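Next come two complexes, and both contain chain A; in the first it sits with chain B, in the second with chain C.
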Partner chain A sequence: MLQFAEFILKRAGLAVVTLVIVSFIVFSLMEMVPGNCAERYLAFKNTQGEQITVQDIKAEEARLGLDRPFVVRWGSWLANVFFRGDFGDSCILRVNINQLLGQKMWLSIGICFTALLLAYVIAIPIGIISASSRSPVLNNSLRLLSYLGLAMPNFLLALMIMLFSTVVFGDSLTGLFSKEYRDAPWSVDRIIDFLSRACLPIFILGWSATAFALQTVRALMSDENGKLYVTAARARGIRGGRLLWRYPARHALGPIVNSVGFDLNRVFNELPIVAIILTLTEAGALLLEALARSNDQQLAGAIIFMLTASIVALNFMSDVLLALLDPRVRSGVMGRAQA
Partner chain B sequence: MSQTNDASDATSTDQQRKEAYFTASQTQLIWARFRRNRTAMFAGTVLILMIVIGLTAPFLSPYDPTIAGRDKDYQNGAPQIPMFCDHKGCSWRPFLHTLERTRSIKTNFRWVTKVNTDKRRYVQLFATGWEYRLLSFELDMPGKAFDIDIPGFKFTTHLFGIDKGGIHIFGTDAGGKDIFSRTLHAVWTSLAVGTIGVLISFVLALVIGGFSGYFGGTFDGVVQMITDAVRTVPAIPLFMALAAFVPDEWSAEMRFFFISIILGLIGWPTLARRVRTHLLSERNQEYVLAARLCGASPAHVIRHHLLPSFSSYIIVDLVISFPYMVLSETALSFIGLGLKDPVNSLGVMLQNVTKADVLLNYQWYFIPVLFFIALVLAFVFVGDGLRDAADPYSDNR
Partner chain C sequence: MATPLISVQDLTVQFRTDEGLVTAVDGVNFEIGAGEVLGLVGESGSGKSVTAKSLMQLNGGNTLYGEESRIRFQDDENDIDVLSLRKPKDLVPVRGGLVSMIFQEPMASFAPAITIGDQMVEQLRLHTNMNKAEAKEHAIEMLAKVGISDAARRFGQYAFEFSGGMRQRAMIAMALSTQPKLLIADEPTTALDVTIQAQVLDLMRDLVAEFGMAILFITHDLGVIAQTADRVAVMYLGKTVETGTVHEVIRRPAHPYTSGLLNALPKLEALDEPLTAVPGDIPSPLDRPSGCVFHTRCPKVVPGICDSRMPTPTSLDGGQQAACFALEAGL
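Presenting the complex of A and B:
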């Protein structure tokens, strides 16, 4: 048990280190944008008719703490994020970022997770079945599907679905809420409306993740299917779903659990663009707005950091989960007790 | 007598085949295996075709893809497919009917385009059209000294054209620009962006992965940690953050190079990891040990033993990572952070298609998408075929 705690601690430490490196990348990016917060604030004052001098900018920089060296500012930003969960204020919108993101962030992360879940729910059973069946029709059509998943990025798929639905139904199926519920408070009706609207973005976001997972599950399963322990199990008279599920599938799913973080990464990749196409007003679109319209580096940095943080968290959880589920990994973790 | 002759012939050809197999170079073996994969061969043909199309885009396209080549009499025009027959009979030369634009009290004084099916316009081969340059290269960098300007050769001949009026086989967009011409140029842009991006990420991956794999130990651990951290950041949001730095006043070419460089700068971690893994596993192989025991210097070992051992894998990885570059560029341009108008790329062409007007009335805006799915699929299939061909154990499976 002690070994397991040690393993978890080690993994958690690694995750924190990754987050620190990521925060450094994100923070440097934020710094690279020309102009800083002080100049932005004063530029705004300038438009109000006030005369601005270099001294004013210097004073404002001192007030905001921007005259401190880079590493110190990074440290304080990091400390604020880690210990207080506070991303500071947006220079352009002059609102606290937590307030700005709040619900939208959770909504979009929720949508992405659901998309990922859907991808696995579809990919794992179909992958297992197709690897074990010898039907060429099924196999070839699945191959084509997974290649299409590669070749047709989610935003093209979203465009195609929009084109199709506009031509056929006369409605482009965009947005997360119908008109009447857009600004309404949460209620049962609103939730139902939301769920019915969210199906499409969830499917589109999960599209390429599904195709990838399908390909991986299939490849891993057909590798495992040829191994001797499966033959041995079959010789002992275990057949059908019981055989598949108890023997090769358990081994084949290990790498899948391991790659959950990268699949989530793939979903996040598509989020901003799909959000723009389907006019979802959550974080993805906000990121785009922060970057394209106003160069709002604080907001953009916060969003990228939070997306990455959720990937790192998922990676950590999948590592722990794998150690719990897979006897081989478990013995790798615990094995030192005997040694 | 003849039977024994046959047998000896058979054994000798067999012998020859075996000899050819055992003395074949790595490249020959890969090619032999690749050729047997029919899907990959087909994809390879498509790919070469695409590259040729990209290279000869100005010759193949009847109109200038920029605003200079707009057809102001045919905006948002439907695709015009040349035909061989109409109600007056058939002709060997494909033709289009004449378009007439009229404005009268009947049309409420708006310009209305009408097809006059009585008059024909014939398609011409090797027609003279807009002027283009081949082998020319112009780069307007900040600072006069860095400007590059190679004039190249001027041509005005195009593969096809039509007498009087325009021929737009994929239709035209809102500005009257020929979608066919734009698509061909966009293929070229995608190939160029992908190539530059892949090259940059390749060099970075080789250096970082190479050092990491060669030195191993603590250095390797630190580099791997950083690589993993870079890999966890979602690439497209990061692309967006970087692309937002491009000032609006930059020229189209500058943008183009900057975007390709960004794509390359972010694409390296996966490749670097492969290089490192290959190096780490190959470093402890017996043939390396043998070479070392024979007194070969590290440089010799790397150049003559390690590099050839994984160069085929690296090529495969490059081909496989190519479509991701192309797709990322498309995504960036689509949201307006990548390339901008005078440069044609799929993303630029798709910028306006989410409007209900386009979705309902001008579906031909989507024709270029087919080209790009074909391009990406071709790369994916060729990459897969190469991967199988480069794997010496693939025959046994």
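Presenting the complex of A and C:
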């Protein structure tokens, strides 16, 4: 027990170290883009018709602290992020990034998480059962469905649903809130309204994620089903649900648990396109905007950092879960002391 | 012989595959008496494992058993026609209760993420009236009995924490824990070092004497058979070509295939002589030879007879039987 706590602490420490390294990479990337924040902002003002002098740039650099060495600036950025959760101001928009991102980041991550959760809740039991069933009808219809899910692009599905809802309900179901709730304060009605809207992107993202997970679970399960220990368990008289869940299913779950972080990243990457079609204001779309259009490195850095942080957190959780599930992993990470 | 414990009559096993029906076992007959050890010998692909698994209907879902095939299990309390059991529930008393099986790969036959003890207790609770504590106590006793030291601690460990020989011991302990009437041992020593092999064989012999159960011992190694079995059945491509007591069959093999197998064994007293292999490969079960299945590799093949007609078993002295035209013709 003590060893397990030690393992969790060590692994958490490792996650923090990973985050520091990630922050350094993100910060360096922000730094490598030509021109610093002061120049970029003033260049932006220039396009608005203001005359800019070198003195203006110098003054702005001093105001933003850009005249300090790189490592000092990284250190203070990191300290602000870690201890105050403050990402500083957006370079171009001159607004605090926390305010700008605010709910959007949580909405994005929330949508991705829910889509992923939905995918697992559907794919794991169905994948396990279908891999163990010999019904050709069940297997072929599942295969067809998951090929549809894998082959059909998310944006196409989103467009089809919008077209359908516009024709049938006369409402395009875009946005995260209906008109009347868009600027209303949070209330029970607003939450219900939000959920009724959010289920659309969740469904669209969950659709392909489910198809992907279903294929993986099926393949893993077929593999486990063919193993000798399953035959040996049958030879001992174990049968039915007990045989299925305690033996192959339990052993097939390891690789799934292992890939949760990777799956979240994949879903997040798919979110912006869906978000653009459904006109959701979420962080992925903001990231594209910041990277591609306004060249707002501070904002892009903050989004990338937060996404990476959630993946690191998920990987940490999946490592702990894996150690709980599989004694071989457990003894590997904790040494053979308990053996 | 009195009523045999297990009698296998005309066992035919076919598999439905994408290439069509594949015959793995073709009209096999044998009997095993209570407390008797029958060795089942043959190369890979001869159908010995499929035959053994049929005793518990363990073959996959694409298996077809012959209509005339009977596997009958008889003792004082039971009279079961195994192949007539259709529901998995009805098979439970046979699987792991009356019949236990140990496999070639002891590592792969334990579930990797469940402790050895849990798997033993699970089987005991399924087949006996023991409660959890009694089952645990009995399992630890069994582990100690097969020579695993510190059995109480080993009870809580996983297969990957055991050495190869220890795993097979644990497998034997688990198999015997429910006091089955028949133990099927499918190449139980093939994956082990020779020294460990000898230990495991000794252990099995002792336990047979103690528990008085019958064993179906499957192997490709006639040396191991000579050590362990009372009688032997030699299989080739799904058919039994020769049966008899171990002494008779090994001293005076009647079938050319049995002689071939015996000649292929390395001999310590004649190290410089080349080994005599049985020529050729075992044919694909998809493309079974006509007539006697062995005629494509047989040194005594009689053209025109062996490749067109099926030989029937000829009885020899001492209950030995072999199916061969050359034997019938006195060649």
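Note that in this section the second predicted complex is superposed on the first by the 282 of 339 C-alpha atoms of A that agree within 3 Å, B and C clash if a C-alpha of one lies under 4 Å from a C-alpha of the other, contacts with A are read in each partner's own complex, and residues count from 1 in each chain.
Please note the rule applied: a residue touches a chain if its C-beta (ideal position, glycine included) is under 8 Å from a C-beta of that chain, and two chains touch if they have at least 3 such contacts.
If you're wondering where the values come from, they're calculated on a predicted model, not measured in any experiment.
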Open item on the list: Per the contact definition in the header, classify A:Val17: touching chain B only (first), chain C only (second), both, or neither.
Closed with: first
Open item on the list: For A:Val137 in the superposed arrangement: first (chain B), second (chain C), both or neither?
Closed with: neither
- [ ] With the two complexes superposed on chain A, say which partner A:Ile25 touches: chain B (first), chain C (second), both, or neither.
- [x] first
Open item on the list: Looking only at contacts as defined up top, I'd like to know whether chain B or chain C touches more of chain A.
Closed with: B
TODO: Go through the superposed model and pick first if A:Ala5 touches only chain B, second if only chain C, both, or neither.
DONE: neither
Open item on the list: Looking at A:Ile238, would you say it contacts chain B, chain C, both, or neither? Reply first, second, both or neither.
Closed with: second
Open item on the list: Looking at A:Leu325, would you say it contacts chain B, chain C, both, or neither? Reply first, second, both or neither.
Closed with: second
Open item on the list: Tell me the contact category for A:Val168 with respect to chain B and chain C: first, second, both or neither.
Closed with: neither
TODO: Would you tell me which residues of chain A are touching chain B in their complex?
DONE: 14, 17-18, 21-22, 25-26, 29, 32-34, 147-148, 150-153, 155-156, 159-160, 162-163, 166-167, 172, 261-262, 265, 268-273, 276-277, 287-288, 291-292, 295, 297, 300-301, 303-304, 307-308, 311-312, 315
Open item on the list: Residue numbers of chain B touching chain A in their complex, please.
Closed with: 225-226, 228-238, 240-245, 323, 327, 330-331, 334-337, 350, 353-354, 356, 359-360, 363, 366, 369, 373, 376-377, 380-381
Task: Of chain A, residues touching chain C in the complex - done: 134, 227-229, 231-240, 246-247, 250-251, 325-328, 331, 339
- [ ] Using the touch definition up top, name the residues of chain C that touch chain A in the complex.
- [x] 56, 58, 61, 88-89, 91-97, 100-101, 103, 105, 108-115, 119, 122-123, 126-127, 157-158, 160-161, 174
